[in-house]
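Please read the structure below before turning to the comments.
We call the chains A, B and C, going by the order they appear; numbering starts again at 1 in every chain.
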Amino acid sequence: MLIRRMFSALAVLLMLAGAAAAQDQSIVVASTTSTQDSGLFDHILPLFKEKTGIDVKVVAQGTGQALDTARRGDADVVFVHAKDQEEKFLQEGFGVERFDVMYNDFVLIGPKSDPAGIGKGDDIAAALVAIATKKAPFVSRGDKSGTHSAELKLWDVAGVDIETAKGPWYKEIGQGMGAALNTASAMDAYVLSDRGTWLSFKNRGNLDIAVEGDKRLFNQYGVMLVNPEKHPSVNAEAGQRFIDWLISPEGQKAIGDYKIDGQQLFFPNASQDRS
Amino acid sequence: MCKGVAAMSETLSAWQLITSGDATLFSIVRLSLAVSLTASAIAVIVGLPLGALLALTRFPGRWVIIVILNGFMGLPPVVVGLTVYLLLSRSGPLGELGLLFTPSAMVIAQSLLVLPIIAALTRQTIEDLWLEYREELTAIGVGPIGRIATLLWDGRFSLVTALLAGFGRAAAEVGTVMIVGGNIDGFTRTMTTTIALETSKGNLPLAMGLGVILIALILMVNAAAWGVRFWSERRAG
Amino acid sequence: MRAASSDLPLVFDDVSLMAGDTIILDRISLAITPGAPTLIVGPNGSGKTSLLRLCMGLAAPSKGTVSWGGRTHSPGTRRAILFQKPVMLRRSAAANVAYGLAQAGCPRSLRARRTEELLDRVGLLPLASRPARRLSGGEQQRLALARALARDPEILLLDEPTASLDPSATRFVEEIILAAAQSGTKIVMSSHDLGQVRRLARDVFFLVRGRVCEHADAARFLDHPSTPEAAAFVRGELVL
């Protein structure tokens, strides 16, 4: 008898928890670890909640995993920074429409000892060629993330065939930006990072910015609503409100206001003419 | 020299955050305990009778089940997490329940992790006890359900140790809850996922401080269980 | 609820017990009848324990039949057995007795009072709340006796109950056994203590290597054994 009572209590608890998760007033946003690690969400989400009462639950994974989560219908909105992968997602019919939200830039981080002899500059291609030639230690995300895609594109732009050039000096760790920076710090290696994560990263060791300001280091963020026709469980109404807010003047200002040590991390660039 | 001082002051401010009763920290601790304790409770409710049944019955292929059960004590948490994730995903068979990325999913996944530990250790304890009690209980004429109840109660001290092993596993793991919970701020963030997050952000002193708290929590649970056992042993031998 | 029929006489009809190729009991035929205590006597390894287990119904004979009151199947509700090393449950002495009462079907409302009565009967009332495993050997034996008597058995089987007890504990246990016998319980007990035979037994079965070598009144067995093995045993020699 007692055991039966405990069972039904447990079942009720589980159902309540499940029901709580399925409330109207909350959405799941699949985003990237670099966006989370930068602290942006801690800044802008309370503002959105105050305005609309909608709880935004951010699941932070790599871009590849975030898009996969959205494909499975486990997220309502996806907010990542890999335009090629995002366009493919749209073409597959999983997204409704893509909007630019903000950009930041990548920076090449390197040890002060500078084994590749790059110095400080603004030519990313030359720097990468130097690293590959001198086989200086380099940490790669290796995880299909936005940053990883950008890194591969940059090797391409620099004219280095990274698939054949890579060796023990090129370390693919398959983890997030924070882990990559930790590894680079421990090994005194070069690593490509987004500026936001770098600015809020505390375990710098001997690392500092080696290359910045190159136009090719531009990193665009996009947001999409997961297509409710593919997954009827998507909370389309609340999800769209979040997207609308992000690209509205109010949301854009919130993004631009986020600073670490007085430095702005993300630059809002949503297109203001929408039909 | 300066770096050492800086590191120390960071550790100190981390500790201050911890000891000042920070609200976020409190809710993270509460969630960790709620998830792991609930998962352990479920594992006990299912695992105790299962283990006892396995100890007392004989059927063809019994040894296969025992080997599998013992082996599952070492199930990799990430694999369990991934499996439960695929089950609970909207595209998966149980997607209708909408349980992914909620504390319920974390409880379910951790229960699966802890269940083999409880069942396997219970089976071993009860089987050993049965050797000792068999003749007496048969002579008294105790039926099958009575045997399970009697042995479970008489073996309660060893079973508490099994329970603590199970709870320890749940409280200490990060792979399962990270995958099925999503480490959502204020909702599915536990102590272990927070430690992983802070580490990846480079906040190593804070991460370490949280780690110390987690260990202290687990020790407190063990101490409480020890106290109960000690007091109860004095009463019943 | 009392069984309508009796377990006595307990009859062994040409019973043999084997374990693999080893013969433990060899073509035994005997009858245990109501009345004063019957003792099973013999050197170690002669099969006394196995005989008692067959009487209880804990094992089935390899050949031959055991019958209780004429029936070959009888639920053991009116029989109780006390093993040489009784198993104490991990709870208090009183709880052990209450367990026995519960298993025997005693209603909850009567249990506390009957527990007290039984503990008193075996002289353990002051130790009622002591953990059973912490009792001395003699106390545990008496507790097991109380637990067995809780079944209100028609037949009480005891396997060398005082073998490891000191003389005062032995006397205490023997007094309880005699009292039970006097109130109508049939005692069947194994022993290798000849003094105990003289003190307790009405009749004796003498076992050697699994066979009933002699069956006689206690007094005659002790003073005028009719077989050479029995004579040797009574003289205190080792019977091989």
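Keep this in mind: a residue touches a chain if its C-beta (ideal position, glycine included) is under 8 Å from a C-beta of that chain, and two chains touch if they have at least 3 such contacts.
What you are looking at is a predicted structure, and each value in this text was computed from that prediction instead of being measured.
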Field: Set of chains adjacent to subunit A and to subunit B
entry: none
Chain located farthest away, centre of subunit C as origin (C-alpha): A
Query: Which chain's mean C-alpha position is nearest the mean C-alpha position of the whole protein set?
result: B
Field: Euclidean distance of C-alpha centroids - subunit A vs subunit B, Å
entry: 32
- request: State, to the nearest whole Å, the distance from the C-alpha centre of subunit A to the C-alpha centre of subunit C.
  value: 80
Distance between the centres, which are taken as Cα means, of subunit C and subunit B, whole angstrom: 48
- line: Contacts with two or more other chains occur in subunit A at residues none
Query: Can you list the subunit A residues touching subunit B in their complex?
result: 3, 6-7, 10, 13-14, 17-18, 20-22, 28, 33, 36-37, 41-42, 57-60, 71-74, 175-179, 181-182, 185, 200-204, 231, 233
Contacting residues of subunit B [partner subunit A, same complex]: 10, 38, 41-42, 45, 89-92, 95, 97-104, 107-108, 182-185, 187, 197, 199-204
Message: For the complex, give me every residue of subunit B touching subunit C.
response: 132-133, 135-136, 138-142, 146, 150, 153-154, 156-157, 233-237
Task: Flag every residue of subunit C that touches subunit B in the complex, lowest number first.
output: 56, 58, 75-77, 80-81, 83, 86-87, 89-92, 95, 99-100, 103, 130-134, 147, 151
